[in-house]
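First comes the structure, then the notes that go with it.
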């Protein structure tokens, strides 16, 4: 009987203290800086082109082979009259978010700090009706940083 | 559809009850067929393998850094512990010296993970015993606090991929120590609350005492490990008996039960959480500045040929990694010895002769993670 | 028709009406769902829920005798409860003798319960 | 970085290994009297932290039982049982034993010829071996004679001709079988 | 409008019809509110928010659910027995609905004053067990079958303590003219104007409360519908509106049993000062009496929610043993003691003493006996791996 009374008192205490959950779509919990959603590509605002040179380092390091990288000669390279020091630049880039396991290895192996993990809520809310829509192409991967909507964190 | 023949008309038959794979109480996709006579279980046949993803085979194709991420997926409630076994195996095989700070942080994180895993257990177990979600929500509340800390450190709430052969992926945030103390404070409160909600409750006692008892000899014979084994009175704790990290430098008790019944398995875990809090507090005192990775670490890690069976004490028991290397940057064979796999084998022994309702409680008391069982 | 009978009928008439109304409540709900809800029968929908597996065999087999024992015990004691109702309304007027007679009856049944208890009929195996 | 050049406490390692290969081996050898067992001392094959003992397949269950019942250092706890495929060299069946009392480990191995993957079941020694053997059987095709319930454990029950953990079994084909990769090309499942 | 049906005036029929119509309306609204409140209250006990999405603070959750259930496909398993399966909802719902006839809400506010009201209520409300068994048997589903058997076993086992606890109270009722004992619910309530019967019969109330939880299949007695064992019990195979009939029945039963408890033990509309306020001002008095009834039933319902949020579930053998070995003997003792006191005309304080002693005994039994470890009921037989089951 004493134990039952104690249990009842415990739940009553919780009843008085009130809820600890919050209403999800209305109120988003603040998200830590290091949060890892899905990887995205960064935009070099100085030269107005992606940082990524398409060096395949991330593609090779990816444990689940969710990336596909194609590079091309950079039309904006200084030798061609542009202002970029990158001889090669990314041509096409796909990341299959459905396969990505968010291990951060691509960020670690990148020599150009061109890729980062999305640490915003929009990076988590990626529900779609068709799995094929989770295969992100280059413009989609660049969009968020290009629009300045992300304060990225790259492991030191 | 089988029609009753006149001869069978009056004989009572064993009712076969299928629990799982889609049943509210099976903790994942697990199926057991219960033979039931009235309300008493006469036979149990467990079926596993619904979650088999071939993690061992996959790891054979992955280098040692990639493999860490996969270890998370074999044991999703105690990821740090799973990662730890793997990286320790690689480090010992490759002869890598890990900096002190990294080791202490690993210990803190592993013990915190044990706390979160045991919270998860008490919650799920409360539901199995029939508390309508209250224990579950309370324990999730506490677990959430721990996961928040993990997220601040690693960036992910569940699949941390934070340990690396050699140390840690990156430094913990600056406020790490204060945050850990906050978490411990709330964890202590959570343990107390769980204690007062369940441990003394007469109905809870009536449901758990004397149910699913297994003797020490049987438990050893079945290869059980972790709290499920210690509940039977076998003081086998790899943190003390087969030390790794800096466990010999901290002071903690190995908690054992007596009867080996469901209540003991629950109570051992609850008391173990207090020990974990103690361990973390001691670790915090030892924590000092320093590097988190060795100075000379090759970009692509290779191990010499050889083999190692590295075992650590995960929340559910012995999590072993049997790593065979023939040189190169990936395992030749990787075997994951999961604790639940062995513990679950004993289910039949524990359950037969009890009531149907007890079958659920006994299954819950082993604290299975089907991901780990099936790998 | 006597006055008392009339009044009794008047009181329990509501019960009759209530039965009809209750029936129609359920019935209209079922009709409404027939009208409103989609209806697309499929073979899979007709299978019995068995945790995602196909049913092993029919469920309505004969069940262990344990449940029936309680039913028999219940009938015994429920009959006693029925006797208690008229007794309860009148025993004060009837005096101590009526009380002791009923007490005896209860004791006999209590002895029966004790016997069933001792025999293990109340023990679930 | 190999242990010879990099590890600062190489001397301690050597001492530990020496302890394994002399003191513990002496105990194990005493328990295994009458059985052709030998410790693995080959640098390429030995375990970093445990003593590894090789036993011929015919004698393995006898050896295991002797180790379980040995006086002093009785290895009464079966941690793990698994197999390693060495392709044409055969398949190793590996038993990891532990002594609850003395807290020592020993690894027992037996090499089965690739064309005759049969070994006696250890379920009569430890009940714990039951599921491990079933798993090794379905994954490697090692037949454990005398196993009480040799059904598949993790794989579908009728899948008895495929041994996924063998080296000869391709990883990629499974994914094709499971329908992965199709979704992205055709845009639907 | 003059005329007669079965020799009764049309007015009587109309009167009954109107009152029943009011009861239907009341039931629908209150049950919906109860479902919403239970979700909110239990959520609060669990430090959650509960429903929030439909309407402000989610108050439209129940109507939304009702509409959704109405629009769901009505499935019947192929193997089910069509007649039994289809008729079960009627058998569950109608008896519970009929209980309304005799429940007093305020002075002279009830559908009918039945002279044997208490007996009638008890008789009618136990019929729904038949519906449960029908649902379980008709579904041809193992969980449903097991759930139905458990429901039946539990229902009949706790029916007795419930009935006898109420009998113990009904014995004590003292009517004008030194008559003791009444089954008329209106009289029982009216007699509690000064002191409610919970004071004189605390043991009977405790037993009634426990048996009520069991009759309602509420935690800790929810084994027939135990989610983690029999996946919802007899209603596994029911869907859509047919399932909601069971749900409606369950919550109506919750409401009615609480009202019954409020009437018999807590003084219904009469205590405190129910009649006195009505004497001062009729309209205010009516409102006050309604509030009293609702508040008392509300308190009972709240405690039921509270218990549900806290307690683990008992096991079938413990449940049966508790009823037959503890509650039943205690109710007998209670009745015998009451009889003794009444026959010799001892003061009512003796009633309190006897009943209070019994209550203490009950608490001690729960404290002690339940802590004993349960031995394994059956012994293992058969080989290492079950060939029989394969």
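The letters A, B, C, D and E name the chains in turn, as written, and every chain counts its residues from 1.
Methods note: contacts are C-beta pairs under 8 Å (C-beta built on N, C-alpha and C of every residue); 3 or more make two chains touch, one makes a residue touch a chain.
In this text, all values refer to a predicted model and were calculated from it rather than measured experimentally.
Asker: Note down the smallest number of touching-chain steps it takes to go from subunit A to subunit C.
Answerer: When the steps are counted carefully, the minimum from subunit A to subunit C is 2.
Asker: Indicate, using Cα centroids, the chain positioned nearest the centre of all protein chains shown.
Answerer: Chain B is the most central one.
Asker: If I average the CA coordinates per chain, which chain comes out farthest from subunit B?
Answerer: The most distant chain relative to subunit B turns out to be C.
Asker: Could you quickly compare A-B and A-E and let me know which has more C-beta contacts?
Answerer: Ranking A-B and A-E by C-beta contacts puts A-B first.
Asker: Among the chains, which has its CA centre at the largest distance from subunit A's?
Answerer: Result for max centroid distance from subunit A is chain C.
Asker: Using the average of all C-alpha atoms in each chain as its centre, how far is it in Å between subunit B and subunit D?
Answerer: 23
Asker: Measuring centre to centre with CA averages, how many angstrom lie between subunit B and subunit C?
Answerer: Computed from C-alpha means, the inter-chain centre distance equals 47 Å.
Asker: Can you compute the centre-to-centre distance for subunit A and subunit D, using the mean CA position of each chain? Integer Å is fine.
Answerer: Result: the chain centres lie 41 Å from each other.
Asker: Could you state the distance in Å from the CA-based centre of subunit C to that of subunit E?
Answerer: 13
Asker: Which subunit E residues sit where two or more other chains touch them?
Answerer: 45-48, 79, 142-143, 145, 231, 309-311, 316-317, 366-367, 377-378, 385
Asker: Enumerate the residues of subunit A that touch no fewer than two other chains.
Answerer: Those would be 1-2, 4, 7, 10-11, 14, 20.
Asker: Would you pick out the residues of subunit B that each touch at least 2 other chains?
Answerer: 1, 15-16, 18, 23, 33, 37, 39-40, 134, 138, 141, 197-198, 201-205, 355
Asker: Which of the residues in subunit E come into contact with subunit C in the complex?
Answerer: Listed in rising order, the residues of subunit E that touch subunit C are 6-8, 12-13, 16-17, 19-21, 24, 69-80, 89-90, 93-94, 97-98, 100-101, 111-115, 119-120, 124, 137, 139-145, 149, 152-153, 156-157, 159-160, 163-164, 167, 170-171, 179-183, 231, 236-237, 240-242, 244-245, 316-317, 320-321, 324-325, 328-329, 332, 335-336, 339-340, 342-344, 377-378.
Asker: Can you list the subunit A residues touching subunit B in their complex?
Answerer: Those in contact with subunit B are residues 1-4, 6-7, 9-11, 14, 20, 32, 34-36, 61, 63, 101-105, 108, 117, 119, 153, 155-156.
Asker: So in the complex, which bits of subunit B are touching subunit E?
Answerer: Interface residues on subunit B, with respect to subunit E: 1, 14-18, 23-25, 33, 35-37, 39-45, 126-134, 136-138, 141, 197-198, 201-207, 209-211, 213, 259, 261, 348-349, 352-358, 360.
Asker: Spell out the part of subunit D that touches subunit B in their complex, as residue ranges.
Answerer: By the definition above, subunit D touches subunit B via 1-3, 6-8, 43-50, 52, 76-80, 82, 84-85, 94, 96, 100, 103, 105, 107, 126-128, 130-132, 152-156, 164-165, 169, 171, 174.
Asker: Under the definition above, what is the set of subunit B residues touching subunit D in their complex?
Answerer: Interface residues on subunit B, with respect to subunit D: 48-49, 52, 54, 56-58, 61, 92-97, 220-223, 234, 236, 241-242, 296-298, 304-311, 318, 320, 322, 324, 326, 332-333, 335, 337, 341-342, 344-345, 374.
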